[in-house]
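Read from first to last, the chains carry the letters A, B, C and D; within each, the first residue is number 1.
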C-alpha cells in the first residue's frame, strides 16, 4: 500500500533486463552508443516528427529546467500554473538554469491553467524596458492535481501564447498517463497542439531515472547539448539511459505501464467516492487521487503500514494517493477496506 | 581492445546484481532510502571521518562543479592545473555552478601542479576590490596525465593554499586508482592531507554512473543539498545510486577494480616502453598510459579494431590508452603484438 | 506641469554647486576620495549607527539588487509587495544579482504589505529540499501607491520576518519623503524597526543619480564592495557621487526637498478630492497622488502640456501624479484649474 | 604631479557647463531626453555608421561587460590579452554578465596580442561538447601597456577571429587617445577593421563618468537595453549622461583632450628615457608611460607629493605614470627634475 509517490516504485522486469543486456561489452560514451540513435529514431517515428531532436537526462527537474533555459532568456517570464512542479518542487531550478527568469503564476481550478487567466497574466507582463519580458509558456500534463489536458485544451493555451510570440513547453513527467487518459497520440498532444519542447517522462512510469527531452525545432539541438554538458547532465556511460528508454518504448511498454497506474487510480477513486465521510478533491483522470476520508480511516491505514501524503489545508483528512505501474488491485482494495472501517 | 576511456566499459556483475536487488519493492525517494544511510556510514568509517557528509550524484562533472560552488564565491579564483578536467572537459560547468568564478591555470609537469607555480599564481591573484579574489584549490588525483599525487604531494599544495585561507577540493574521478597506486588510506589522501571536499569517483571504476561527494565539514551539508536539488541532480529513485555505491564498497570491490585497471596499464606501459620507436610521455602510475608508437603500429591496431585516442601535438604517433577494471591481459598483449609489428 | 515622475526633475542649485566644487583638482578614485569618508561619517551619525557601512551607487535598481543579493542566497525567496518596484520595474534585476532568487508576491491594500499576508506567504514557502527557501523581506517606503509605513508598521513586518530568521531590506528610493511624512528619525525607521540594509535614495529627491546603501552589519561590507565592483557599479571618479550626497545631507537639504514635494502633493490631492467627478485612489501621504478625474479635464490638461501617467485599469481617467522638490504651487493650481474645467 | 591614473582628474569646464545647462527644467527620463537622440545621431555620423546603435552607461566595466554579454554565450570563451582590463581589473564582471563565460588569455609583448598567439589560443579551444566554445574576441586600444593598435593591427586580429566565426569587441576606454596616436578615423579603427561593438570611453578622458557602447549591428539593440536595465545601468535622470557625451563630441573636444594627454606623456617619456639609470618598459604611444628610475628619484618625487603607481616586479623602480587632459608641462617638468636628482 505505497501511495506516497510513483517514484517510490521500482522498475518492471523488462527494464532491468534491458539494463543487464546493455552492460555487455564496450560502448562509446557520452551519447555515442548504438542504442541512442535507435531511441531518437523511434521517438521521431512515434511523434511523427522526423526532424525532432531527442536528448536524455536522468531527472525531471533537469529535463524541465534545461528545456525552459533553451527557450526563455534570463529576462523572460515563464507562465505556469500556480502549483506547477517547476514553481513548487524544484528549489528554483528554472531560475538557476535560465540565469534568473521569473515564473509568473497563473490560476486555474484543478491544476489546469484557465485560458483567460493566462491571457491576463501575459498581458499584464509588460513590454517596456522596465519589465521582465514575456518569455514562454509551460504546461504540465498530467497536472499536479491529477487532471489531464486534452489536446484541444493544450492548443487553447498555446494559441494564446503563440499570439504573443511565446514558445511552449510541456512538462510531461507523466506524459504516458496523459496520453492513456485522453487517447491522444504523441503528436496530437505536442507539436500539433503547439508544443515546441517536451519533457517526456520515464522515471515516474517505471524507469530507474530517465527523461527524454524532445525538441521539435532542430535548430536548438546544439545549444541544448552544450547546456546539458555544462550542467553535468551528459552521462559518460550513456548507454544505460538509452537502454532504459529503448525498452520503455518496446511493444508499447510505456503505455501499458501507464494504463495500469491509471486503472488503479480509477479503482481507488471509485471506492473512495463511495465512502461515507469521504470524497474527491479533483476529478481523477490519470494515476493520482486527491481526496479525503475520516480520521479513523487514517489511523487504521497508517497502522497497517500504508504510505501516502497528507495535504494540510482546509479539508480535514485530505490526502494525495499516487498509483504506479505496480500498484495491485489487492493493494487498492485492502486500502479501501482499511479506511472504510 | 578498448583503450579509449574507462567510461566505455560496463559494470562488474556485483554492481548489476546490487541494482537488481535494489529494485525490489517500494523505497523512500530522494535519498531517504535505507541504503543511503548505510553508504554514508560506511564512507565515514572508511575515511575515519565520523562527521563527514556524503551525497551522491550521477556524473563527475556534477560532483566537481557542486563541490567547487560550495566553497568558492562567484568572485573567487579556483586554482587548478592547466589541463585539469574542470578546466578542459566540462564545458564551463564550474563557471556555471559557481555563478562565474574564474579558473586560474597552474603549470606543472606530468599533470601535477608545481607548488612554486601554485604559490606564484595565488600571490599574483590580487586582493584589491578590482581583483577576482583568491578562492580555492582543486587537485585532480589521478591527474589528467595519469600520474598520481602521494599524500605528501597533496599536503604540499594544500599547505600553500591554506596559508592563504583557501579551502581545498580533490577531483577523485579515479580516486581508487590513486589509492591503490600510492598505498594511502582514504583519510591520508584527503582530510589528513588538507582536503575539505572530495569527488569520490565510481563511474570510471565500474559503476553505471555514481559519484560520492564527501564533505568533511558538516556545516556545509544543507547548502550542498539545496544546490544539488536546484541543479536537478537529486534523484527521485535514489535507491539505484545508493545500491551501486554500497556494492562498490562491499569487500573492497572498488579497490580490486582499480588494482586490475592499474595492473593492466602497467603491463601495457612496460610493453610499450620496450618497443623500438615507441616510448612513454608521462610516468605510468595508475590506469592511463600516455606514449607514442610508429605509424605502422597504428595502422595495424586500428585495422584490428583497437579503440584509443590520438593526441595531436608535437610527438607524432602520440596516444592516450586507458585501462579499466575489465581490461584483460589478452587485450593488452594482443594490442602490443599488433603495434610492435 | 510635470507630474510624470520625480525623476524628470533636475537637481537644486546646492547640488550643482557641490559638483562644481568637487571638480577642482585631483582626487583619489574608486571611493578613496576625501568626501566619501565624510559621507559615511555623517550617515552613521544621522542614523545613530556608528558601525554602519555606507556605499554609493548611481541607480536605485543597483542599490536594491545589490542589497538583496547581499542577504539572499540564489535559492531564497524574497518576500515583497505584489507591486513593489523590485517586482515590477527592474526587468528582473533582483533575479540577476541574486543568481536566481524568487520574488514571492505579498498582497496588501494601498501598496502596503498586510502582516497576515506576509505571514501566510512565508509559511507557505516550504523548508524541504524541494522548496525555494525562505530568504528575506523587502519593504518599500514610500510604497509604490504613495502611502507610507510608520516605524511601527515596518516593525510589525520585520518582526514576522525575523521570527523566521529572515533579514530585512528597505527600498527607500523615497526615504526622505517617508521620514518627512511620519516624523520618524532615520534610526527609528530602519535598524530600530528591524531593517538590516537600506537603499537610501537621492535621485528622486533632487540628486543627478546617487543612492546610498546603508548596511547596519559591518561584517557584510567587503562582500558588498566585491559585488558592486563586479557589477560595474564602482565609479572611478567617485568624488562626484560623494559630493552630491554630502551636499544632500548639508543643513537638512534632503529633508527640505522632500517636504516641498510632499507639500505639493498634499495641495494637489486636496484640490483633486474636491473636484466633482474626481477622487483619490490611495491615501496621499508623501509626494505621489493616485486618483482620477473626468475625460474633459484630461483633454484640457494635455492640451496645455501637462505630463503625467495614465493608469489603465478599472477606474476610467485614473492617473499617477508625482510631485518633486521643484513642483510649484503655481503648477499645482494651474493643473487643478485645467482639470476642473 | 598626479600620475596615478587618468581617473584622478576632474572634468574640463566645457563638460561642467554642459551639465549645468542640462539641469534646467524637466526632461524625459531613462534615455528619452532630447540630448540622447542627438548623441546617437552624432556618433553615427562620426563613425560613418548610419545604423549603429548607441547606449550610454556610467562605467567602463559596465560598458565592457554588457558588450561581452551581448555577443558571447555563457559557454563561450572570450579571447583577450593576458593583461587586459577585463581579465585583471574588473573583479570578474565579464563572468558575471555573461553568466559564466571563460576568459582565455592570449600572450603578446607590450600589451598587444600577437596574432599567432591568438590563432593558437582559438584553435586550442575545442569545438566538442566537452569544451567551452569559441566565443568572441576583445581587443583593448589603447592597451594596458600604453601601446596602440593601428587599424591594420586590429584588422589582423579580427580577421583571425572572424575566420572562426567570432564577433569582435574593442575596449576603447582610451579610444580617443588611440585615434589621436594613430591618426585613424573612428570608422577605420572600428567597423572597417572588423569590430562589432565598441566601448567608447569618456571617463578617463575628461567626463565625470560616461561611456558609450556603440553596436554596429542594430539587431542587438533591444537585448542590450534589457541587459542594461536589468543590471541597474539605465539611468533615470539620463540627461546628465547625454549632456556630458554631447559636450564631449562638440567641436572635437574629445580629441583635443586626448591630444593634450598624449603630448604630456610623450614629454614625460622623452625626459625619462634621457635620465641616467632610467628607461622605458614599453613604447610610449598614448597617455601612459611605463618605465623605471632610481630609488633616490622616487624618494624625492614622493616627498614632493607626486602620486603614481609602483609596479612591483622584476625591474626595480618600475612605475606606471598616466597623463590626463589636465596634466601640465610644468607638472611633467617638475617631476622630471625631481627624479633626476
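By our rule, a residue touches a chain if its C-beta (ideal position, glycine included) is under 8 Å from a C-beta of that chain, and two chains touch if they have at least 3 such contacts.
Note that the structure is a prediction, hence the values are computed from the model and not measured.
J.: So which of C-D, B-D or A-D is the twin of A-B, meaning more than half of its contact pairs are the same residue numbers?
T.: C-D
J.: Looking only at C-beta pairs in contact, point me to the busier pair out of B-C and A-C.
T.: Counting C-beta pairs in contact, A-C comes out ahead.
J.: Farthest from subunit D in C-alpha centre terms, which chain would that be?
T.: Of all the other chains, the one whose centre lies farthest from subunit D is A.
J.: Can you work out the whole-Å distance between the CA centroids of subunit C and subunit D?
T.: 34
J.: Roughly how many whole angstrom separate the Cα centroids of subunit B and subunit C?
T.: Computed from C-alpha means, the inter-chain centre distance equals 51 Å.
J.: Using CA atom averages as chain centres, what separation in Å is found between subunit A and subunit C?
T.: That pair's centroid distance is 42 Å.
J.: Residue numbers in subunit D touching 2 or more other chains?
T.: In subunit D, 74-75, 90-92, 96, 99, 129-130, 133, 226, 229-230, 234 touch at least two other chains.
J.: With touch defined as at the start, can you tell me which subunit C residues reach subunit A in the complex?
T.: 74-75, 88-92, 95-96, 98-103, 129-133
J.: Of all residues in subunit D, which touch subunit A in the complex?
T.: So the residues of subunit D touching subunit A come out as 30, 73-75, 99, 129-130, 133, 223, 225-227, 229-230, 234.
J.: Would you tell me which residues of subunit A are touching subunit B in their complex?
T.: 2, 4-5, 7-11, 16, 19-20, 22-29, 57-66, 90-93, 96-97, 203-204, 208-209, 226, 229-237, 239-240, 307
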